[in-house]
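When the chains are written out, they are named A, B, C, D and E in that same order, and each has its own residue count from 1.
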Amino acid sequence: MNSSARPATSEELDFLSVQKNSQFRETFLRLCQNKAAVAGMIFLVFLILLAVFADLLFDYQTTCVDLNIAERLQWPSAEHWFGTDQFGRDLLARVVHGSRVSLSIGFIAVAFGLVVGGILGAIAGFFGGAVDNVIMRLCDVFLAVPMMLMAIVIVAALGASMVNLVIALAISCVPTFARIVRSAVLSVRDMEYVEAARAIGVKTGRTIFRYILPNCMGPIIVQTTLRIAATISNTAALSFLGLGVKEPQPEWGALLSSGRDFIRDSGYLATIPGVCIMLTILALNLLGDGLRDALDPRLK
Amino acid sequence: MSEPLLRVEHLKKYFKSARGMVHAVDDVSFTLEAGKTLGVVGESGCGKSTLGRTIIRLQEPTSGSVFFDGKDVSKLNRQGLWEQRRQMQMIFQDPFSSLNPRMTISQAIEEPLALYKICPDRTSRQKRVAELMDTVGLARRLYNTYPHELDGGRRQRIGIARALALNPRFIVCDEPVSALDVSIQAQILNLMQDLQKEFHLTYMFITHDLSVVYHISDEIMVMYLGQVIEKAPAEKLFANPVHPYTQALLSAIPVPSLHDRRERVLMTGELTSPIDPPAECRFSNRCRFATDHCREAEPQLLEVEPGHFVSCFLCER
Amino acid sequence: GCGGGSSDTSDGGAAAEVDTSTLTVALTSEPDYLSTCDHDSLMGVQMNLLTYNGLMRIDMETLEPVCDLAESYTQDSDTEWTFTLKQGVKFHNGDDFTADDVVASIEYAQTFPASTTYTGAIASVEAVDPYTVKITTASPTPNLLYDLAYHYNFILPKSLIESGNDFSANPVGTGPYKLAEWNKGNTITFEAFDEYFDEARKASIPTLEFAIIPEGSTRTMSLESGEVDFVYSVASSDIERLQSTESISVTDVVSVENFFLYLNCVTTDFADENLRKAIAYGINREDIVAGALNGFGTPSYSCVSMGYAESTDENAYTYDPELAQQYLDAWGGDPSTVSLDIICSNDTKTAIATIIQAELAELGITVNIEETDDATYQAAMRTTDLTSAIVSWSPANAMTYVQRFHSDRRNQTPACLTDETMDAMVEEMNVTMDDAARSEMITDIIAYANEICPFVPIYQVNYYRAYNSALQNVVCSATGYVDFCTMSWS
Amino acid sequence: MARYIAKRILYMIPVLLGVTLLVFFIMHLAPGNVAGMILGENATPEQIAALEHEMGLDRPLLVQYFDYLVGLLHGDLGTSYTTGDSVTNEIMARFPYTVQLTLVAAVVSILLALPLGILAAVKQNTWVDNVSMVVSLIGVSMPIFWLAVMLILLFSLKLNLFPVYGADSWKSIVLPAISLGFMNMASIARTTRSSMVETIRQDYIRTAYAKGLSRKTIIMRHAFRNGMLPTITVIGLEIGQMLGGSVLTETVFAWPGVGRLMIQSVEGRDTPMVMGCIILMTICFSFVNLIVDLLYGAVDPRVRTMYR
Amino acid sequence: MNLNETPYALEIEDLSVEFRTRDRTVYAVNGLDLKIRKGETLGLVGETGAGKTTTGLAILNLIQSPPGVVTHGSISVNGSCVLRIAEPEAETPEEAPVPAENAGTVKLQKETPAEKEPEKPAKAIRRKDQKPQIAEAMTEKELQAMRGKTVSMIFQDPMTSLNPVLKVERQISEVIEKHEKLSRSEALDKARQMLELVGIPGERGKEYPHQFSGGMKQRVVIAMALACNPDLLIADEPTTALDVTIQAQVLDMMKKLREQNGTSMLMITHDLGIVAEVCDCVSVIYAGRVVEHGTLEDVFDHTLHPYTKGLFNSLPNMKDRKARLQPIPGLMPDPSRLPEGCAFADRCRYATDRCFHERPEVLHRTEEHTVACHLYTPENIQKGGVLDHE
């Protein structure tokens, strides 16, 4: 304090090189101790890689769109690992490309729901009062309708397409996220460090983004993973009802529901996408559970 | 007497609640000289924290005014308040919840420096942070650690360093040591006293630990249900408590010694609800000396002898 | 109860003994109405056939009109017809059937705008005596007998018409079955009408129950488990297995319902005949049938379904990529600028479009598939905004079919092709009362239609009805109906 | 308490209004010509216009909405576009089936889930825990309709135990209820487990042990009710899920409920019917939530006293 | 074993408890000895994390396991053994030096020369196994019979130690019902009497915990703990969560009740003031080990251990406001990485090399007053004056 303002020597600032041991890293390490969660994570990473590099593995046009009626409905074999569908397309290729569609529907819809719902929830939670009331009553309206029904109505109104599906699913995510973020914000809002931030003159926006939201991430991250799972499964359900994505886009739910016609004689057609959906949801759930445990300070 | 650093006048802070108005701070007035420490004691829920927060306007007062250095803080606009915050800081009770778990120590201390553009560039900021860490006795190797890796004493030091970063003149200390073990508590108390001397700080020291408040304060203010019931220099108060509540409070301190034991004045009952209290002496239902008069009107805070203020009908008469 | 008491059949399959007093039929969707004039849906008509009769009926095998409530008829002039009615016919409510009922019913039907096509030609109906009716048409109407066999003109009891009966909830007619219970969304149960007038067509199975099972695989499985005796519409993916199941029979009827690619011939490139033909030749219908229909359909090359007496494949198209290329060249445009947006209103249509998409890609034409629901599709059909759609049509007779080529249909499908020669041919046919001459004219019209290619035929639907092998006399018409009256248990 | 219930029911009114508004306008976003669809392809534009006028479709949307609301207040949900019947009648014919299915599914899933969850929590980190959690994870991840078809194949065709479709005997409801309830059972079990695990760690459980109570008493008397609180909330949400999921189950099993009616009406663009279904489901869901709240109050005295 | 012959309500010998989590092992209690005479109150004083609560829980055999493991030691209540665990490596613990690989978990050697060994010598069952051996333990049934009846415990936080969904009287009555074999209604009556006893109107027993204030809750907890007249009451910081005035009321009441019933008590606290007020003896615990033990007078007026001294010096001086506090520098060592020698060494002004390498043994000043510190030898301990008193 009493030292004069001479330039700092490198030695004096030596402490800067001490490595940060962030909580995220710690959480991650703790997560890694949970075998199930790691399995889920590996599977998801694998899937995401598949989705990203799908084009390198299978050419979309020739394997997923072009028909090959001569080879229709072939059981899995060395040539077609997952068999072929009723149009003679390789199911493996379609499943691989489908992972891209399904995952992006899940991720985009949830991301949208998270951003919009998160902002609404953060606003409601942070400011409280009338704003909170209006936002929450709106959420009540959306939540009063069972999510699936809401999605059906929206897709039905907008027409079945991937974009509309994403919109419908995203909209049905918004109120849930708004609520979760709101309650997370409420639980953090009255923490002393938020008050401390105000005391040292931190402005509202920064308070929300630097002090409140990062500390609400726990329940939000967990909910996000579970929500993605729910969205993928809802996509499949909407596809089943004929409100899913369009042919020839190989969305898993669509694969599963078109495969259901053949479930008796070509069971693999429905089973393989079904198992893919199941595994993905399972992996997301495992990861979500693992995250919940890893983020729980009591289990430290 | 010259203008005191802090003058609080008829400060009120009410909260709306489902069952009525919570009179958390109800018509509090006092003054505080620069460089002094005012201790505030009282039972849990009597409005100590609210008073502290309202003074530095972390909460908007319901009515009343706070003059800091002659300036009415309660009338400042946003920008003015923001400027004013450099002068008035706060140290919080819970060292475990008063630090953002996602910010390293250096980030936490650097935050006010950056916000108020106190240091022109990063390096000088880092240097200043390191200096502050030295000042409060934090080893520099902790520069990049996160609060959860540290014990309560160290965390409280971070809170102090953060408050000091802006070179304030007045600090509200809301129970800064009550979550700490005695040995650590003593370290922090010493530190705070040293800092007070070094930087000529003025403290408002909130606590419910009477031995601590006696040790650190020049003046002590006893609160009960949102009101000040007694205020006097520390020695005077401990030597001659006037208000029955103060008497009971002081006698309740467990003394860690086998010899000079006090006579216990046991109080019955507990703090009543601060929701829409009736116009009577708020302590009357627990008071040994309460008369009908006490239940009919509210006593005023009167100066019974120089510097010793009491709010009780017993001494009014 | 219903379900054919199958829950008690322990050792599975349709092989188990059946409850011969009941016939349980699995339907895909529920009819919206059991009344005659409120709908024009296949399921509704199928139900109407159970509870009502018209003066005429269409014979399910020949598709020709034959007398039903009429004993006989005479054509007095180009526009005047006299019908002698059967006597001793009773309605379900006990009323006797007389000429007054005929008059009341037809006049009742005429109050419904949707029935215009079938009642519009009738200028007047008079009861000459209790069992004689005289019908006068505004212009020569060779179609009258067909129209009278159409459900709009089914006969209802006059007393109930006048009392404002809800014929959907209480379908009282003269039909072989009467409604026992309509459990909305679940089952519709009919009971045989003992006093049915036509001994030959009197129902032999006392109870007829329709179960609404929307899921194809569930329908099939319920037939296999024996809960259902008759599946009205079999999911194509299950046909093969059912065919090979011993206790289950599958009838396969090539229907007159044909699916075609409707093209906007007014505002798009498809106004050019060559381009349309290029597409007509560029589509491999065998592939479509195999891929989209699991092989259960019949490729269609002529603009009017084969199966009518007048049908012809003159000038019909084939799958011929070279020819397609030639027509494309003849058109002269750049195929990559053509974008063919096909509106598909259900999964089958989407599957068809998917294959068309793949095949037209070889001609360099891009196909986009637009999946919509029915309402959007119908709305699009009424505009010239659409490029194309997959459409199906199944008129009861060829004459009705070819009338479609006349330009007066433009007010319903404004984007359809209009051709003066065609208009003249159709107008001439419309007033030709001589059956043989008219037939010939119809054949000519079909051949001409194939030449100008107003749309691209794709396939004719095969109706697959699967049922317990113990059922006899299963008659399924090419127009989609099943004759439940003649069925019996062996 | 009565006041609280009344307040809750009153509160449902604005929510329902919001729902009607929302659904009404979403449905009217949809393109397509309702009158044209009703009249079929042979109708002339004049006929369509006439019908539109008759149905009031040519008026401004807000006017239509208010008309609808007025009708709604009189218990009149309008007339179905496709069947011409009163929507109220149509829905009410199917409603008991949906209630039956959802109730049975809910009861079965709760009865299975609670013991499963509690057992897993009590035997935390043993094989019992692992097995029950694997089962419930599978349950959560299995698409409803896939499970449904599999169930039919196994129980109806192979084993011939239950009918494939319909809603006639008690046997009919078994498979639909399983397929509908399984997923929900799984998530209820998971919630129960985690809340029980949490409860077991609480101080008052330790206090109870220190009192010398047996493990069984502690689980049943102390942990159970506290552990139930989050579960009750989840059960409410899950019943909402089931109402939504019934669309699928009812379609697969040809169960004549509201869910199927709704999807049918969505396809047929039968706006009044869709609105009716949604409103009914929403009311049901709201009532479920009300019951959940009351139950919550019954279990948790803190909530109870708050509303006294 | 012969019950009730021993003069002690509680005897803990050489208790070691570890918490083994995945990434580290916390040595919470390391060779702790405690004895409470019947009818006496022992204060257990120490900093946060010193192992006070763990010790209390160990007496009831309620340490959460996993992660908690009692690795060594014996506990008996009224002479009946709750738990006795033998360390396999130590053949003859009386002589065996601390094994090197065991440095982290250093076990104190036994030195209780003044007291008689319990009838069953600890070495009776000793194996060369790797795992700690349970030599003797109460069955679950016996434990249940003991908990709440012979020994009861008041937990640190009254706010969370009551079940929020059960009526207060029910929570008290269940312990009575369990141990006194009374019917439900009789037990409820008795529960209401207990409430009256701690100064709460009996009819408020029908209420739920959240309707009570903190002080009242703590009283309920006390009523619950005293309901069956336990021989030993473990009070784990019973007043930390309360205001001073309420604390005074509660302590006062506890004192009265204890005197009435002749209950022995283990008073866990970190407040020396409370100790001075309530206790007969004090044990000062540091890093899981008793560093000084004695009567109040011994410890307050003849302070031996530098840590105890430090604690007193840290407290604000009520006589001299201006006197500067003399805090103990530094922090308690990380309980998962305890040093080899004296755990207090690095905070100790007097520490020598020896302190860092060798664990001090327990020395007696008087029969009662013991200390574990290298400053003392049998000679200088009697003289005193080793610590410079200001």
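As a working rule, a contact is a pair of C-beta atoms (placed from the backbone, for glycine too) under 8 Å apart; a residue touches a chain by one contact, two chains touch by 3 or more.
This is a predicted model, so every value here is computed, not measured.
Participant: Among the remaining chains, which ones contact both subunit A and subunit E?
Facilitator: B, D
Participant: Using mean Cα positions as chain centres, tell me which chain lies farthest from subunit E.
Facilitator: Greatest centre separation from subunit E goes to chain C.
Participant: Looking only at C-beta pairs in contact, point me to the busier pair out of D-E and A-B.
Facilitator: Greater number of contacting C-beta pairs: A-B.
Participant: Just the number, please: Cα centre separation of subunit A and subunit C in whole Å.
Facilitator: Computed value for the inter-centroid distance: 47 Å.
Participant: Round to the nearest whole Å and give the separation of the Cα centres of subunit C and subunit D.
Facilitator: 39
Participant: Any idea how many Å lie between the Cα centroids of subunit B and subunit D?
Facilitator: Centres of subunit B and subunit D (C-alpha means) sit 53 Å apart.
Participant: How far is the middle of subunit A from the middle of subunit D, if each middle is the mean of its Cα atoms, in Å?
Facilitator: That pair's centroid distance is 24 Å.
Participant: Residues touching two or more other chains, restricted to subunit B: which are they?
Facilitator: none
Participant: Of all residues in subunit A, which are in touch with two or more distinct other chains?
Facilitator: 156, 159, 242, 260, 263-264
Participant: By the touch rule stated above, which residues of subunit D touch at least two different other chains?
Facilitator: Where subunit D meets two or more other chains at a single residue, that happens at 30-31, 149, 153, 251, 266-267, 269.
Participant: Over in the complex, which subunit B residues touch subunit A? Could you list them?
Facilitator: 53, 56, 58, 82, 85-86, 89-90, 92-94, 97-104, 111-112, 115-116, 123-124, 126-127, 130-132, 134-135, 140-141, 143-146, 148-149, 159, 162-163, 165-166, 198
Participant: Given the complex with subunit C, which residues does subunit A contribute to the contact?
Facilitator: 65-67, 69, 72, 86-88, 156, 159-161, 242, 246-248, 258, 260-265
Participant: In their complex, what parts of subunit E are in touch with subunit B?
Facilitator: Contact set of subunit E toward subunit B: 47-48, 213-216, 243-249, 251-252, 270-277, 296-297, 300-301, 310-319, 321, 324-329, 331.
Participant: Which subunit D residues qualify as touching subunit C in the complex?
Facilitator: By the definition above, subunit D touches subunit C via 30-34, 36-37, 39-45, 47-48, 50-51, 82-85, 90, 93-94, 97, 149, 152-153, 156-157, 160, 162-169, 171-172, 251-254, 256-257, 260-261, 264, 266-269.
Participant: For the complex, which residues does subunit A have touching subunit B?
Facilitator: So the residues of subunit A touching subunit B come out as 1, 3, 5, 7-8, 12-16, 18-23, 191-193, 195-202, 210-211, 214-215.
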